[in-house]
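Could you have a look at this structure, given as C-alpha cells, before my questions?
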C-alpha cells in the first residue's frame, strides 16, 4: 500500500555543461525527470512511500533511469520494461537562460517506450494499492491513446476509493486550450485534489473574478476537496519569488502564507512539481491541517529552485527548518555549521 | 563543382564521459557523425572540396550540426533544414568497451529529419556538380523510402557522368543479408568504386575463394573500376592492426602495403569511413597511381583510431608524414618538436 | 526473505581525477564501496534480492550512501542511521598506479559510524530473513568489538539455517596472520561457503601441497560445503588475467574454466568482491550446477575490472553474453550494435 | 561579393575554468576572438555573407582558428597562413571579475603571425569584393607598420566604392589618446559608418556638449553617413544595462530605443563588437530604416553578454524575438517551450 | 625571525563540484584551509614573512598540504609530520547554499594528526622567532588538551615579547558560550590584538551598550592595545556587505571606513580570516597608522569573497588598487586591461 | 648554501584535455616546466635544497609560476620578476600522441621574460652559494645573448669551486649540430658532470665506437668526473623501457643496472630531466657510491613517466621502494595498502 502512486512519462534531459549554448555544446549533463516522477520524488524524499507507473526501455538507458528512480526511494514495481528493438527514452534538450535571454526547451519525445504503455501490462491489485494517485495534463495532451489511458486510470483509482490528484500543467506546445478544457471537464468530477494556476483558470477555463473566487468555483462545480494555485514571479532568470493558495471545500477556508522573496534560482525545472509534492505530502501527513500542505508545497518549490536537476533532493529536516525560518522574524544564522 | 558529394544521415553520438557506463552516466560527450559525413570530412581535411546532401532540424541542434559541418570545410549548400515541430536529430548512445567487455551502440534514429528528405527539395544542378558521389548501404537499409531515394540519386549522378562510390557497410541490426544483396545487385552496375570487406563478400554476397578472387569477381561481374577491401584485426579494445587491398580493373592490378601494427586505439568509431575517405582522396588526387589511394586510405584509418570523435581531424602534412614513416625502415623520432 | 544479506562497513573512496597524484590533487571522484556492499551489489545486479546490514551517518553523506545502495536495488532496511554529532563515514584515498608505480591506498576509517553498530538495534526477524549471509575477514580485523559482533551474527544466522558465506580477505595492515587464523578457526565450523586465495591458505593458514589439496583440506577439516579460490595474475597495472576454482564437498568435484587473459583493467578495486558475488549468485540460482558459480564469478570479476568504481554495474544479459563468448571458439564481433 | 569584410587580428583567449584565478589556475578554456572577427561572426550569424582578412600560423593552432572561423559561416578565403618557424597566435589571458574585483586582461600579442601580414599577399580583386568593410582602432594602435596597412586598406576599399565602417575602440594600454586622435583624423574623411563612445568623443577627440551634439559634429566635420554611440552601465560584474544612439546624416535624425535593463552578464567580452555587428547588419539589411540598426545592435550586445566566449552565438529568429519582446508591454512567457 | 607565526589546525575541505548537493555528489573539489592558516596565507600574500605551527600526516595527503602551504610562501619549518599508522587529516564537507537554502558544513575533524601535536616537538627558539603570534578560539574549543597547549603557547610568546593576536571565532557547535568566556578571560591579559564581533561581545561576553563602548571596555579591562570588530551583512548567499572598526587603546581612537556594498560572493569561507590577515598586515607594516589596518582588513575580506577556496589569492598591488578605488569618487574603469 | 642551483627557462605547457587534438581543443591543461626547473624539482622532492635562477613576468602568470616553484620546495630567491609591459612567459603547446601518431610540440617561447635576464640582476654571493650548478644545452641554443650568459655563469660557478653539471639536451629545432658541438667544446673543460645520449655523442660530437668507449673519451678529453648516458626504448606511446650508464673517471668504472621494462607511460615530458635529477641527487647524497646515482636516476625517470605534468611528484620513500623492488626477484604485492 503506497502513500502515493503517480503516472507519467520519464524523460531524459540533456543540458549543455558550463555556460555553453546548445548550438555550441559538445558536452551535456543528463538528468532524469518528468512531471509525475518529480512529484513522486518529492513525496518520497519527505518520507512518503511512493511508486511510479511508467514504461522505459529494457536497455542500458532504461537501467540508468531505474537506478535513479530507486535512488530516490521510489518503487519501480510498476515501471515496465520495453524490450522492443525500437524502444526509446523520450528526451528534451534544455538550455539555461540568462536574462533577458530565456531558457529554451527542445522536445524529442515522440514514439517513446512510454507511449506504448498499456493497461493490460499492469496488475489488477494496482488500483487499490495507494492512498493518493497523481497525474497531470501532460498525459492526455500526448494524443488520443494516452488520453484514454489516463482517463481510465483515474476512473479505476477513483472507483477503488483512492484520492485522485490532478495538475492541469497546461502546455501550449502540446495541445489547444479548448481541448485541454474539454478533457479536464471529463475527469474533474473524479478529482479530489486539483492544481491550477490563475492564468490557466482564466485563459484555459474561462473563469472570471479574482483568484479565490475562481478556485472556489472549481471546488463547487466539480465537488473537488482541495483546489490549489501557485504563483511564481520571475524577476530574472536567477531571481524568483513564490507563493500559493489552497482552498479546502469542506471548511470553505483558504490557506496561505507570506511569499518567499528573491529565491536564488539555480535550475527552475521541476519546481512546480516539487510544489505539488509538498502539498500532497502535507495533505497525506497532516490531514487535519491543510495549512501544512501550503507550507510544505512552498518550501519544496523553493528548495528545488536552489539546486540542479529536475528532481528535488532534500532531507526532511531541511524542509522543516526552512519552514520554521520562513516564519521566524528574528536573527537567522547565515550558515549551518 | 565539388570533388566529392556524399549523401547520408548525420547523427549525434552521446558517450558517457570518463570511465562511466551508460547505465551510470550523468554526463555525455556529444559528437557529430554519420558514415557519409565522416567520408566527406576526411576528403575535405586532406584538401578536396566536399559537400554533404542531408537534412537536419532547423532548431538549435541543427545549428550545432551545421557549425560542425562547416568547421571541417564541408559545404552545407545541400544540407536542408527541417522546420517541422517534430524535427529531430537521429542519435546513438555509445559506450566504450574495455576487453573483453565490448563497445556497445544503442540507436535512436527512427523518424529523424533526415528520413523526411525528398529529391524535390534538391536543386537540379546538383547532379552534375561533383567529380565523385559517395553513399553507403546504410541508406537503403533505413526503409523502402530511403531505398528508392538512394537508387534514384545514384542513377542521376551516374547519368551525369559523376563517378559513383558505394560502401556496402552492412549492418545486421538494420536489415537482412539477403535484402542487402538484392539491393546491391540493382545499383552495382552504376557503381565505379566499391568498398566491401572480405566477410561481407563471403556472407552477404556468397562469394567463394580468396579475397583477391572475390574482389576481381565483383569488378568483372558489374564492371566496377575499383574494388576495395579492408581488414581490421582487433587484438583488444585498445590494440588494432589494419591493412587493405585495392583492385584496379583497367590494369588488373592489386595494390597493397604492409599492415599498420598495434595501433593504440582511442576511439574506433568512424575509422572505416576515414579509410574510405583516404581511398577516395587518393583516387581523386593521384588518378594515375592507385597505390596512393591505398596508402592514404590506410593512413586515414590509422589516424582516426588515435583520436576521439567520429570525424578524423588531421592536417594533410601529418598524413603524408605518417605514410612516409610507415615506409621508412631506419630511425624515426618518437616526438615532433 | 532476501536471497542474500551481507554485513560490513560502507566506505567512501576518494580518488584524484584525471592523471593527478594524491599529493597534487585538488579534485576527487567519490565512490561508495566496501567489500560486503560490493558483494551485495553484484548479486542484486544479477537479479538476486539483497540487503546490507551496516550503519551510516544520518547527515547528508549518509543520504548519499543510502541513495547509492538503493540505486543498485539493495534494500536499506537494515542500514542504520547514526545521529550522533560525531557520526562519520569511514573513508579511503585511492591513487591509481601506472606500472611499475603501484596503486596506493590510504585508510581513514577509525571511529566511523559503522564501528558503533550494535546487535541491539537490529530486529529479531533478521536472523532468518535470508537464504545466504555473507561477510568477510575485514570485520573481525577492525577490533575486538567487531570481532564479537561478527561471530555472533554468523552464529545467529547459522542457527536459523541460513547459509553462511565467508571471505578471508586477509589485509596485513589490519591484523596479524596469526590472529586471522585463530579467528577463522572459531567460525569456520559454521561456514558453508568459504573464499580463500592460495597465498592466504599457505601463508596465513599454513596449509601445504597444491591448491586443490589445500582447498579440499579446508572442506574436510571444517565440513564446508563449498571452498572457492581465485587467482589474479598482474601483468601490469592495466593488464590482468584471472581464473578460479570451486570445490564442492558433497560431490568431491573441482569446477574450473580456462582463464580470462589480458583483461584491460580500468579499475581493479572491488573485482575480488565481484567474483564473490558471481559465485554466490551462481550457487543461489543454479544450485545443482556449481560450474555456473565459477562462470558467473569469473565473469563478474572481469566485468568489474573494466569499469570505474568499487561496485560492478552490469545488466544480467551482458554477463551471460560474456560467459557464452568466453566459451566460444569461432568468430566474435568486436562491437555490439 | 561579400556583405561584409573585416580586417583585424584573431586572438586566442585563455580563461581559468571554474572560479579559479589565473595565479591559481591549472586549466584554461580557450576561446577564439578579436574585435573584427567578433563583428564578422555577428553579421554572419544574422544572415550576412562575411569574410575576414587576417593571418594565422599554418600549424595546428591556426587550424583550430580556421575551424572556428568556418563554423560561424565566415569565409576563410582571405585568412592567410604563416608558415614561418616563429609563427605564433597573439593571445590574451582573461580572468573573470566578481564585484568589486574587476575582470583582468593580460595581453601577449606581440610578434604574432598577424603582425607579419602584408598587402602583397592579398589578391587585387579583394578591394571591390564587399558591400561594407569594417576595421577598428586596435589595428593602427599596434605600431607604425599596421598603421600604414590599415590606412592603405581603408583607402583602397573606399576608392572602390565599398562602405567603410570604423570603430575607434580606444585602448589606453596600446597607444596615447593624442596619437589615436591624429590617426583618426587621417582616415575619418574616408569613413561612412563611425562608432565612438561618448567618453572617447570627449576625452580623446576633445568634443564638447551633449552626446548628440558631439555625434552630429563628427558627421558634419568628416562627412560621415552614420555615427553610432553606445552606453554600457555596469551595476556589477554580473548586472549591466545597455543602450545606444545612431545619427543618420542624410536625414539629420537620431535613432534610439529604451535601454535593456539588468542584463544577467555571463561574459561581457565581445559585447561591444556584437553591438557593432548588429548595427552593420541592420544598415545592410534594412537600408531605408536605420532604426533597425539600433534595434539589432542593442539586441546583439545583450545576447552576447548572456553567453560565454568572444563570439556571439545566435539564431536569427532569437534576435528578432528579443527585439519584439523588448518592445512588448504585456505578458511575456519566462521560458520557450 | 617571522613577521607572523600562527597556530592552528589545517583542514581539508571537500565541496561538491558544479551545482550538486552533497547527497547527490560524486565529485568533490578539495581545498586546504583552517582559520590560522588562512590568516598566515593572507599576510604572506601581502608581503609578510609567515610560518604555521601545526601537525599533518607524513603520507601523501600531508605532502599535498605541505605543497599548498609552501605555494603561498608560508614556511613549513614548524609543520610537524605525523608518521603514525592512524595519522589523519581533519576534514569538513561544505555545501554551497543558494538563498534561502543556507550553506552547510559537516565536520569530520576528531582524532586528527593535529590533535596529537605536543609542545615538546617544537624547538625552543620558536618562542622568540616572530613579531606577532596569532591563534583563535577554535583551538581551546577542541578539548582540554588543546586548551592547555594554546594557553601555554600564548604565555611563552607573550613572555618573549612577541605580540599576541587572538580571534574569538566562537563556534557554538564546538563549545558553550560560558566556557568560551571563561577561557578568554584567562588569556586576554596576555593578548595585544583582539578580534571579536559585536554579537559575540554581547552574547558570549555579556557586554552592554553600543559596539564602540564594548570594544573600549575590552581594551580597558584587559589592557589590550587593539580591539577589532567586523560586521558582515548577508543580503543573500551571493550578495554581502562588509565593514569593520578598530580601536587603538594608546590613542583612544576608533578607525573606520565606509562599508563595501554588494560584494558578489563566490565563496565566503575564509573571508573572516582574510580580514584578520589584512588587519595584522596593516599593523605590522604601517605601525603608526592603524587606519591602514582597517583598510587592508576590509579589502582582504572583500577579495576573499570573490574567489573559490579557503585561502585568499592576491597580488599586493591588487589590494592597494582596491583600497584606492574604494576611496575614489570619480570614474572607475570596469576592467583592467 | 644550496645543494643545487639550476639555470634555465620556465615554460608554460598547454595540453588539450581529454582525447582532443590541438586543432579541435577548447580546453587546455596548463603545466609549469622547463628542463632545469624539472631537474631542481626532482632533487628537491628527494630531499636536496634547491634554487632556480630564472626570470618570469611580475603579473599573475608569474605569480602562478612562483607558487608552483615554491610548492616543490624550490627556493625562488633567484627567480627575477619582469615588470615590463611586454613581459611574457615562454610557452609550448603539447599534443599527446597515440601510436603511430606521435606527440607534437609547438613552441612559442621567443621574446620571453627569461630571454631578458641579465647577470647584473643577480647577487654576487650567488656564485658560491651551491654545491652543484646545473644547466643544459637549451640555453646556448636560444641565441648569442643566452650563449654568453650561460658560459659566464658556468665560468663563475666553476671558479668558485661549485661542481658544474651540463646536459647536452640537443634540440635540432633550436640550432645546428655543428654549433652545439662548437659551443660544448668551449664549456666542457669546466664541466664536472656530463649528460649525453649515445645518439648525440655519435651524431653531434662525431664520436666513434661503442657507448662506453665514447663516454670514456669525453671524460678523458675534457677531464670530466662523471659522464652519464641514458637510453629510452619506445615500444609505443604508452610503453617505454629505460636504462642508463654512468662512468666515473676517478675509478674508471661504469655503473649500470638492469633496464626497467614496459613502463606504462602517462606523460613522458620531463622524464629525461627527472633522470638527471636522480643522478645528481645520488651523486650529492651518496658521493662514495656512484651506483646509487644510476639507481636514483633510473627510478626517477620511471616515476615521472607514470604521471601527468613536466615535474616529477614523489615522496622520497616511494623512490627508495621502487629501487628496492626493481632489485627484488621474489613476490611483490600489486598494491600498497
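Each chain carries a letter (A, B, C, D, E and F) given by its place in the written order, and its residues are counted from 1.
Rule of thumb we're sticking to: a contact is a pair of C-beta atoms (placed from the backbone, for glycine too) under 8 Å apart; a residue touches a chain by one contact, two chains touch by 3 or more.
On a predicted model such as this, the values are computed, not experimentally measured, just so you know.
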item: Co-neighbours of chain D and chain B - touch as defined; value: A, F
item: Each chain counted as touching chain B and chain C at once; value: A, F
item: Between chain D and its twin chain E, rotation from the CA superposition, multiple of 5 degrees; value: 120
item: Chain E and chain F, separation of their C-alpha mean positions in angstrom; value: 40
item: Interchain centroid distance [CA atoms averaged], chain A/chain D, Å; value: 45
item: Euclidean distance of C-alpha centroids - chain A vs chain F, Å; value: 62
item: Overlap residues in chain B, where contacts from two or more other chains coincide; value: 21, 23-24, 29, 59-60, 63, 67, 104, 173, 315
item: Pairwise chain contacts under the document criterion; value: A-B, A-C, A-D, A-E, B-C, B-D, B-F, C-E, C-F, D-E, D-F, E-F
item: Interfacial residue positions of chain B with respect to chain C in the complex; value: 18-21, 23-24, 97-105, 107, 171, 173, 232, 234, 236-238, 268
item: Contact footprint of chain B on chain D as seen in their complex; value: 59-60, 63, 67-68, 70-73, 315
item: Touching residues on chain B, where the partner in the complex is chain A; value: 14, 17, 21-31, 59-61, 63-64, 67, 85-86, 88-89, 93, 95, 104, 106, 108, 110-111, 173
item: Of chain A, residues touching chain E in the complex; value: 260, 262-267, 302-303, 305-309, 313, 315, 318, 322, 325-326, 333-337
